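Letters A, B, C and D mark the chains in the order given here, with residues in each chain numbered from 1 onward.
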Amino acid sequence: MKPIRQPVSIAAELPALHRRDIPGVGISAGVPLWQVLRANAMEWSGSTAYRAKLRGLWKSWTWAEVEREVVSIQGMLAQAGVRSGTMVAIAGETDPRLYWYALAIQRAGALPILVSSRIDSSEFAGVYAKAEFAFFVAGSEAQVDVAVNARSRCPELRLVIALDRGLEVDDYGGLVVTEQDLRGVDGARTRVEPWIALQTDPAVAISTYDEAGENILVVCSHASVGKAAKEFASLASMKANDELVSFLPISWFGDFLQFSAALFERALLSSVENSATAVGDLQVLAPDVMLAPVSFYRKMLSRIEVNIHHSSRIILWIYIWSNSLAARASAHSAKFGRAGFVHVITAQLLDIIFRAPLRNVIGFSKLRSAFCAEGILPPDLAARFKSLGIDISPIDLDPRYGGVLGSVACPTPQSDPVDVVIEGVELIRNSAGQALCRSDFPAIGIVESGGMIVPLKTNAGGWGRASIFGKIDKTGTLEFLEDIDLEELEDQTAASLRAHATRLNSELLIRNSIFRPDGKGDWVAVINPDVDALRAISPNSGSRYHELIEQEEVIAALAGIIRKSNLASQKDAAGISTQISSFAWFAKPLSAEEGTLTRHGGLQHKQIQSLVPTSVMETGSVNVRMAQMPRLRVA
Amino acid sequence: MRNISPTGADTIIVDDVSLRFGGVMALTGVSVKVREGEIFAIIGPNGAGKTSLLNCINGFYRPTSGSVALVGADKPSISVSSAARSGLARTFQNLALFRGLSTVENLLLGRNLKMKTNLLQVAMFVGAARREEIEHRAAVEEIVHFLQLQAVRDEPVGQLPYGIQKRIEFGRALASEPRVILLDEPMAGMNQHEKAEMSGFIRSVNDKMKVTFVLIEHDIGVVMGLSDRIAVLDHGEKIAEGTPSEVSANPSVISAYLGVEH
Amino acid sequence: MSLDLQFFFEVLISGLLTGVLYSLVAIGFVLIYKASGVFNFAQGAMVLFAAMTLVGISDLGVNIAVSALLTIVVMVVLAYCVEFFILRRIVNQSQISLFMVTIGLSYILLGLGQLVWGAEVHSLDVGLPVGQFVVGDMFINQFDLSVAAICGLIVLALAYFFQRTRVGLSLRAVADDHQAAISIGVSIRNVWIIVWSVAGVVCLVTGTVWGAKLGVQPALNLVALKAMPVIVLGGLTSIPGAIVGGLIIGPARKLFEVYFGSIIGGATESWVPYVVAIAFLLVRPAGLFGTQELRRI
Amino acid sequence: MFYRAARRLPTSYSSQFLIIKRPEDRILAALAVGVAIFLLPHIASTYALSTLLVPFLIFSISAIGLNLLMGYAGQASLGSGAFMAVGAYASYKLATNVPHIPIVLDFFIGGVAAAAVGIVFGLPSLRMRAFYLAIATLAVQFFIEWLFSKVSWFWNDHASGVVSTPAFSFLGVPIDTPIKGYYFSLAVVALMTLLAVNLTRSHIGRQWMAVRDNETAAQLMGISITKAKLSAFAISSFYCGVAGSLWAFVFLKSLGITSYSIDTSFKIMFMIIIGGIGTIMGSFIGAAFVLIVPILLNMIPATMSLPLSTGVLACLEQIIFGVFIVYFVIVEPQGIVRSVRNLHQKLVAWPLTVNR
């Protein structure tokens, strides 16, 4: 595989890394993470960078150690045959070394592909088909087994590097090696020049799923990773030596985000022992900043509340009271734009006598800013957390969009070629308006001035789909198209929509709802109905979800609610009235764990398609959202 | 179905063993050879004498006639503890854990034989004794990690769910780094998922640590999938032995066992 | 017949007879153990309590028979209390902790008895014959003999109670298998109450006899300790065992005391029975007639 | 909440060996020790020192001893009093006949003698279970009582069975005043407690607990039941022996078999039942409880000026103890220490409750 660019000595860039008074600020977003790491190692060699629980004990590493480790890993990998442009898959959980490997791989100019640790062998083969990687770094034996089972379908897979083999010994005929084996002779000592990447070069590929459940690979450039990280850091107002906790499979984008943000702000990233111990470990770790999926917050809350309900009446009473208080306070502030004096006082008192000890017990004692990804934290949960003195702001972090340069599938090419700007890359546009391209060298994420990208991987002569998303000039700076975005609407519309939301959500049938423009000035309500409630009104109470949403009665009832809400909105004197032209829901019910909305599911249902013209939703969804990236919005 | 059949040397030789309780013949003239590194299953209807055979192998019962030999043992395993010393570990149909003790303590007891420090050193609890504790604790943590027991590390095992307890008992057997592990219905009362998990553990221990297994299991599906060879007992007599395919083909087995069970 | 042989027989017989006395106590133990699986350390205390109550009531000038009846009532009440406050609250606890409870119980009874009836020694005369038979050249204590008779009567009564009466049957059912008994609708609590009451009655008899022998005093409590070896020797679960145990222990201690005790300072009765019992137990860990519980694996 | 969980991370297995895990508790413990060393002996009256504190210390040693046997190894014993006697008489013989060896050594040898006797009388435990064994240990009690009351050689053939123990000094300091006695026994208690704790958290302690919880499985682990049980008996008896010697030399300053009667055995057993079976802590709590209750009982009527004769009080004491035993076995089988632990957990989890 021929390298795309020759390595340059990085001596020239060092001063750039030194110019800095406030930590992190000086480093421009485009700088590869390994350089950030090295900067940290130079300036704060002593301070702790990572912490992990191995075999029941907490181990920690300083920046300098990590830097040294990363360099030696790169040397090790170089010996194993990892070159620039090589692709190396990584899968595993709760072990910082996995991230260090990612860094080392970037340092070598190769592309780390973060794979879910829960992946099964067929999916693994699927990922392999997209990015024929020759190397696979397995966090634990589970992943080793996956790779071994899939080896027949992965001809190019040369080496599985196992970080933690536990009790195992079998090496499957040289396929599986441990680090120790690899270090072996002088692997650790061979020092390899780092690869200097452009900020538009791909930094990392994340194996995830699109809303159809298809496994896709998402590629992020150094620029977008940095940008996302910095945005997160600023949202969380992260400081140096803050403590973060990461506890999920490495391929979760939120996890990767925390990791990169921690690097930029040189915060301390700890990882729990495993998912079973997560809650307990969290209590010990007491993070300052936390980014977790909604499901995890739910788990925490249920744990807390079960406790509260089993504890003394007084505690329970205070808790309920503080909940209502929080609700009233927010209502008050919504009305007058500021919290009431009484509320402030009582809140303060509560915090001293009730919340503080509670936070201490449940492990949020030090928490400064918490975020939940994978959609929106249901308002009731948010309120209950608030009553514990914990504010959780949902951030929009769909891995499809957070830091994406492009995603890949490989249909057959269509007619109607378009002019090619980069030599060696041929582009055509198919009837669906998608751009397809072919390059005569294996390529990764090259960007064309027409705002087109080639697939993650094209074999010489192979075709792949790409999607238009924005303009990039030859200097490699991105320029995004505009997004239609609630936050950017004039306040009255937003307020009116919020009013809609509260009305709908207050209904028994609807758990929560969001709104998309239908393109004709009105709005589509995408709702998440309460299945049990639906059953209650359905003629056949035994019917399954997909049956329910076909039933006239049910649709009528929901339509009634919408209509009511529209009327209310018209009556509402304050501000302009927004009307809901149609509503959509999901082919699959969302379990309580998910309980959130994605803005696509609704379209999978024929009934809805009749209600909402697909094309319109398109503007509302895929491409434009895609364009405006990587942007973290605090709802 | 597992077709690779290890052709290791014989590890356990049960030679024409009979066992009598008062008037009842629990076993009559049973001869079995367990090869090194294989998973050997003993099946049969209830009261066929499976557990009795296991008990003979690791010395709970002394056969009325016939002999049991553990090849490579320093001395023929006559008592339970000497069997343990010669690398024989065992789990029970109805758990035999130390209910009052935590998971880690149970596993540590599995390594009891490896702990050498004497009473005085221990009473001082410095130097050797301390080092020993730490070293064995580390070894135990490996098993905790392997069997995914982190969450219950310090819980008293008495209150833990059944599946977990089974796993802990298996871990305790593993902790003694045995050559042979006898499993008496390791998956009794488990749901399918737990069974799959357990077989996974057994398989990987057998594959990768070359531990020989002798197991009694009622779930025919599991047995067929897991074991290299199977012996079928009925009324204390061995009516068949061979690979899963052979056994399941054997008419007498079908009549005596499968017919009854399913 | 030579003198020392005759002497030997005298000792032997009196040993046997005192042995029977111990059997009386032992029977109470066995009853309770069979039915409620409790090793009733409070047996001695119950004996003392019963005797004290009897004496106490009769000292109030009540006819001895009446006061005996009253005492029986008291013992029944006691049985009920034991069931209510202890047995029903202590299901599925380890046997040793049940044992502990009865130690506690014995303390309570001792304290109570002395609190109510005072700690001083009462003499008790229930008209048992004193003096000596003369058989050949041998002297046999009539008192002991009559006690033996009483003991025999009690055993017969109990045998009848267990074999013939409905209660007795259900009681044996419980003794065999609690769960089964419950499943066939035996009210286990009633059974407990009954058994403890019966044991109470046995205690009353025992107490009366011992009281008549030694006078009613706290020392009676030690009777239980003396009877322990008899019980373990006979095996906790069999009444015949209790009797035979008594018949072995009684002579053994007497003979040892008479022939060796003097050499090594005397008063060996306190421990010799135990040594004998342990010697037996080492051979048969479940005692003579006890059933060896199988080791579950 | 009163205890901090946040960011206290175990970084080595040896941190698991800490006798007191939480720093807050360590402070408390340090305070307690400080009080015991510097404050208590000076504020406490001589009466309190000699009739309460010293007996408390000595009895907690024997309670620890019995706890090791009964609580950890699960072998019931009613013979602790006898083992105390053995220790006492052994060290008495030594102190009187071989005066020049240091007294501490006497006590130690006394303990060893008791251990030897313990091993002999522990042998039945190999065959017998539960209360069969308890009865067997009763035999020890009675035999020893008889032995030391009949064979006058043990008390140097004095006329009376009760002899006064020779005055002794430790490191040149004569242990004559209650305070010195207190400090001396405190030192012994501290040392022996530490040793006991070490044993219980080591593999030997684990072997005992294994035998207690499941003998079959214990055998399966290659544990020699004989070794485990006999070692438990030996060590338990050693503790009792030393306690016995202290009882004679430091507390009574005289030696008579009556003070090692079966009642003493029961008393010690009550201590561990009430305090908490299977915990070292429980031994102390139990000892304190069993010793303090009677004193309180004697004080209450005095303070409330109730006309209660000592006889009545004695009865009440018996009854109350009986009730306590029954109560603890039924309601709180793990004794007071359990309640203390619960409180501790409550404090840790406050304002939430402990989720069990």
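Everything below uses one rule, namely that contacts are C-beta pairs under 8 Å (C-beta built on N, C-alpha and C of every residue); 3 or more make two chains touch, one makes a residue touch a chain.
This one's a predicted model, so the numbers in the text were calculated from it and none came from an experiment.
> Return the chain label for which the distance between chain Cα mean and whole-protein Cα mean is smallest.
Smallest offset from the overall C-alpha mean is found for B.
> Can you identify which chains form the pair with the largest number of contacting C-beta pairs?
Among the chain pairs, C-D has the highest number of C-beta contacts.
> Please work out the Cα centroid separation of chain B and chain D, and write it as a whole number of Å.
41
> Taking each chain's centre as the mean of its CA atoms, how far is chain B from chain C in angstrom?
48
> Indicate the whole-number Å distance between the mean C-alpha point of chain C and the mean C-alpha point of chain D.
33
> Express in whole angstrom the distance between the two chain centres, defined as the mean CA positions of chain A and chain D.
For chain A versus chain D, the centre distance works out to 61 Å.
> Can you pull out the residues of chain D that are in contact with at least two other chains?
12-13, 216
> What parts of chain C, by residue number, touch at least two of the other chains?
Residues 297.
> Where in chain A do residues touch two or more other chains at once?
Within chain A, residues 56 contact more than one other chain.
> Using the touch rule from the top, collect the residues of chain A that touch chain D in their complex.
Result: residues 51, 56-60, 243, 283-286, 303-304, 306-308, 310-312, 315, 354, 357-358, 360-363, 365-366 of chain A touch chain D.
> Contact residues on chain D for chain B in the complex?
Residues 12-14, 16-17, 195, 198-199, 201-204, 206-207, 209-210, 212-214, 216-224, 231, 235, 278 of chain D touch chain B in their complex.
> Of all residues in chain D, which touch chain C in the complex?
Its residues touching chain C are 76, 124, 127-132, 134-136, 138-139, 142-143, 145-146, 149-151, 216, 262, 266, 269, 273, 311-312, 314-326, 329-330, 333.
> Quick one: which bits of chain B touch chain A in the complex? Just the residue numbers, please.
Where chain B meets chain A, its residues are 138, 141-146, 148, 150-151, 153, 204-205, 207-209.
> Which of the residues in chain C end up touching chain D in this complex?
39, 85-86, 89-90, 93-101, 103-112, 114-115, 118-119, 225, 228-229, 231-232, 264-268, 270-271, 274-275, 277-278, 281-282, 285-287, 295-297
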